[in-house]
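One chain, chain A, appears in both complexes that follow, with chain B as partner in the first and chain C in the second.
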Partner chain A sequence: MSENTVQYSKRSRERAIKDFLRQFLGHGGAQLGIVCLIFFFVLAAVPNILVGPLQTAINATGDFLAPPSSQHLLGTDEVGRDVLNLVVHGARISLTIALLATVISLIVGTTVGMTSGYFGGWVDVWLMRITDFFFVMPSFVLALVITPVVLEVMGRGGDILGFRPSLFVIIVVIGMTSWAFVARIVRSQTLSLKERTFVDRARVVGSSDFSIMVQHILPNLVPQIAANGALVVSGAIYIETSLSFLGLGDPLQPSWGTLLSLAQRAGAASAGAWWYLGAPGLCALTVALSFVLIGNALDDTFNPRRRVIP
Partner chain B sequence: MAANGGRTTRHIGHALLRAAVTLSMVVILNFILFRVIPGDPAKLLLGGARVSVTAEQLEAQRKSWGLERPLVPDQLVDYVSATLHGDLGYSFKFRGRRVAGLLLERLPATIALVGIAQLIAIVVGVTLGMYAGWRRGGVVDHITTGASLALYSTPSFWVGMLLVVIFSTALGWLPGYGGYSPGALKGSLDLLLDYLRHLVLPVSAVALGLIGQYVVVSRAAMSDVVAEDYMVTARAKGLTDLQMLMRHAFRNAMLPVMTLVTLNLGYVVAGAITVESVFAWPGIGNLTVEALNARDYPVLQGIFLLLGVSIVVANLVADLTYGLLDPRVRQ
Partner chain C sequence: MPDTADILRLESLQVHFPIRGGFFDRVLGRPAGAVRAVDGIDLNVGQGEIVALVGESGSGKTTVGRVITKLAQPTGGRLLFEGRDMTSERGSSTLRPYRRRVQMIFQDAYQALNPRHTVFDIVAEPLRSLRLVENHSQLTERVSEALAAAGLNPSGDFFPRFPHELSGGQRQRVVIAGALAVKPELIVADEPVSMLDVSIRAQILQVLVDLRDKHHMALLFITHDLPLAWLIADRIAVLYLGRLVEIGTADQITFNPRHPYTVALRNATPQIRGDADRSKLPALQGEVPSAARVPKGCRFHPRCPLAFDRCKEEEPPALEVGPQHMSACWLTK
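Up next, the complex of A and B:
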């Protein structure tokens, strides 16, 4: 490869990135989503600076179920903890769970889809049969039965990699059950990519299957993976919130779903404590919606012809 | 028909095979999960760790359940055959109750909830979505699309909690808890009215989530149809807007919507679990929460099987009807 071609491709890549950003940021939805996400990522990054350490029943500062006031902007919960404090700390937990689960799901989905599409034959048949199962069975339903059993096996005490066991299990279970549609999309892309000339060229030069997949096919899959990754995050937030609401979360590291579960158990709805159940739900909704908007904008930018949502 | 008869048969065959594979995986997953739970399975089968049993009872239990035989294939075969016969074991929490009986007892309440919610959601969601797609870019389009996107990403149970705060606690219009009022109620009409009053809020919570989905999908389907060549032809023939809508657009746009609706028949039961838990609605969802809290594994496995069956059957029906409705799939 001469120096000239490298320079040319570098410049054209820069231009492509600029084009992409201009088009992507032109979407009103994408702008809204990014602004909201930046806000929540800041909350998640430095919760201690913003609202102090996570309050517990012991260091709670307020009255029981007190409505919003100048002291407690979002009111208090049933043991007098500041809801704003809980929600900001919840951002860190909810976002961490959702993002880590998505990383697992993208890794599994991409590996399965690429292997399936690249090798074809019986590998494809069997991998797709497994994928079909996970595609048909919703992640939420699978997680509902797998999570309590795995928790029983591992025990609920101690912590794993800094997470309480139930959170760790939820991350892994959501990640391992929500990769199927990524795998399908990656497989169909791989099927068309592997017929391209640059793959033939690499094979003639003597590249191994593994290096062809990693160096030549994977980079071309990035757009699809990114657009669908955003949707996976949104799904993960939904599933985590639902599972935690059903009591599978951990009260010592409360996510937004766990807060909703606590609010439900404290009878916040029938006590009219709208601030207690409203705040965590609104946060979960905003973050999930932001990821959907960003995912749609990405999808639209990469293939403008197939628009589902404006 | 004769020419593609073989293809249609093959399409049905593939669909049935896929359904069978998925269902067997559900059953096998159930089998594995129940066996990795720590503790003596004989003891678990007698009612879990909280029940005290003698060594003789345990031995007898082990014998009668064949627990001393190898896991694969003996125990797996036993398990599958018992499941096929509708024997899902006994609940831990509801001592001595058969899981299958418990599920059947709770099923009608869930079917009432999700059935009514589905009906409302189909009528409201499809109408709004189709109209938004037909008049794309209009005021109605912007409002409904925005609202349904928000509904689509909102957990239904949270909507339910808000409904309780507003309509039950603040306004006191509707009950937000349980399936019937405590106290004496005479006459079947009063009972029915009371039941319906209790249904309003949970049904609204489930329906709102579904409406979000249906609007998004039917709007997309309708905007695709509007852009088709045959719509230009229809316009050129001199058809009025209403004729175009009824004769061409609506029927073609209904195809993807029908598929989603059929698929949702399976998924909506799972989606209602959290909503039922908010309202203590006496259905499958509330049973799930009770089973989760009591670590009642047999009931949990029974629910998983039930959800699996309903999802697989709905998928199968969607697969087959799509083939019937869309000749392109058959060919």
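Up next, the complex of A and C:
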């Protein structure tokens, strides 16, 4: 007897998802962003198939700082490594760092923001002061302080959860310095959601604070978290690039920022080796821009004025 | 009909919301004051009794409902449930036994249902969080029973639906089913039909009356509509600016109102047939004063057509008119 309605409901949910996708994909910026990202994700997924294993000073094949040629499409660096090879391998490191840092940032930011907004009072005051502290904390300084300590404790060769210590530090530092912005946004949305009647109802039917937060508030926060998450990723890519550029990266697992740093130290700019600086720089810029475009498109699509669900 | 034993008792219940003064007020030591939303209410609801709480917007009737359902904390007075003082009980686990017995029906069914939950989850939520079922088949059974009791048949059809797929009347039935699923002994219904089409109101009211008749459930019916209150309630309490001005049986309040405010409310009711015994009092003038600045003396005196000097100075207590009938007016005797 209930077959009909089950079908009907599934269809209506599908329709809602389709509507959302049509609106989202109709956005020019989103299309561009998605195409770019797919390209870079493919690079990051199978670098060995595309350009062979990561080249080092030992197995480098080219001349020093040779300009782009048919053999080395993006030229070579100061020890004769193929820049295309380095950039493709760098995609994996850069994207991994950015995405993991974003996961940390979203988890911490959502937890702090939701707790703060939901409970209010002194919990709110204290959590928001802590948030302010992380808001103003410069990621460079934090990374500069933490990295040597971790390296001292772990040793350069060790690894933490499968990452070399300096990469792990970068992930944690970016995560720690970018959650404050997420927390602020989640808090403000929680403040408005907790006044909704369905939260009152949940309280009257005996739901605990935890289940109200998880079942009633969190699902309604998803649009904000998704849209801002994309912006956090692009911020993370910038911070990662800057930190690595300052020399905090790991030369054995070079990200785009590390490549930029190496290029700068090799004097690529004054030697006219534009390919060495340009390739990783452009990649970082494109990926960051793609995430911003997707974030903005998500934001537009989830805009309360156009949202189907009240 | 009403039993002698009271299930719920409010004793001089008071809810004041403090007003935070501005910076200069605080520096100059001016008193901050408070919004006196509920200002000393005595009310009792018997087992299986339907009591209507009638008042204009701003009279504090919704706040009374929120106090009873523990959504708002009273600043004074006591809330007794079956003689047990519930005034200061807090926390979802402490209140669990209380919530199993007292439920609420919300006015705005559009807002009261989480748009991302299905009907099944909405009705199952109280059963799960109040630990009323042991397994999934029991849960399904209770949910479908509650939906059927609220008039949603066949109940299985509604399980997977989302609130935005339902009509206004159906949503209100889902809200009612959610309250019923618990099998409470008291339901606070805050304007349960005010958002609905007139044609659907009667059906929803019938569901509520059936509950009382079948399950001996007590009902506190909060409304601004005096005729509706008369239709459904055993007793009616009239609230004005945070105080009860008159309380009595539905017939006493409707056909023999003693307080000028109740008379005015009754006269304000549009009627299709001309009513011969319509009192000659003029219609009410002006607005309800702000609960932050309650008038001195009888709080109704600025709008009362019968007010005299004593009303401006002294606040009248509840004076007995007849059996079960009280009116807070100096002219009562």
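Criterion: the second predicted complex is superposed on the first by the 271 of 310 C-alpha atoms of A that agree within 3 Å, B and C clash if a C-alpha of one lies under 4 Å from a C-alpha of the other, contacts with A are read in each partner's own complex, and residues count from 1 in each chain.
Following the convention adopted for this analysis, a residue touches a chain if its C-beta (ideal position, glycine included) is under 8 Å from a C-beta of that chain, and two chains touch if they have at least 3 such contacts.
Bear in mind the structure is a predicted one, so any value in this text is a computation, not a measurement.
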Partner chain(s) touched by A:Leu144 [first = chain B, second = chain C, both, neither]: first
First (chain B), second (chain C), both or neither touched by A:Ser211: second
Partner, of chain C and chain B, that touches more residues belonging to chain A: B
First, second, both or neither for A:Asn220, with chain B first and chain C second: second
Touching partner for A:Ala101 - first (chain B), second (chain C), both, neither: neither
Chain B versus chain C as contact partner of A:Ala202, first or second or both or neither: second
Residues of chain A that lie at the interface with chain B and also at the interface with chain C: 308-310
Touching residues (chain side chain A, partner chain B) in the complex: 129, 132-133, 136-138, 140-141, 144-146, 148-149, 152-153, 234, 238, 241-242, 245-248, 260, 263-264, 268-274, 277-278, 281, 284-285, 288-289, 292-293, 308-310
Touch list for chain B against partner chain A, complex: 18, 21-22, 25-26, 29-30, 33-34, 36-38, 145, 149-150, 152-155, 157-158, 161-162, 164-165, 168-170, 176-177, 216, 220, 267, 270, 273-274, 277-278, 288-289, 292-293, 295, 297, 300-301, 303-304, 307-308, 311-312, 315
Residues of chain C that touch chain A when the two form their complex: 69-71, 92-93, 95-96, 99-100, 103-104, 106, 108, 110-118, 125-126, 129-130, 154, 156-162, 164-165, 175, 178-179, 182
Parts of chain A lying in touch with chain C, wherever the complex brings them together: 1-2, 4-6, 8-10, 12-13, 196-198, 200-209, 211, 215-216, 219-220, 308-310
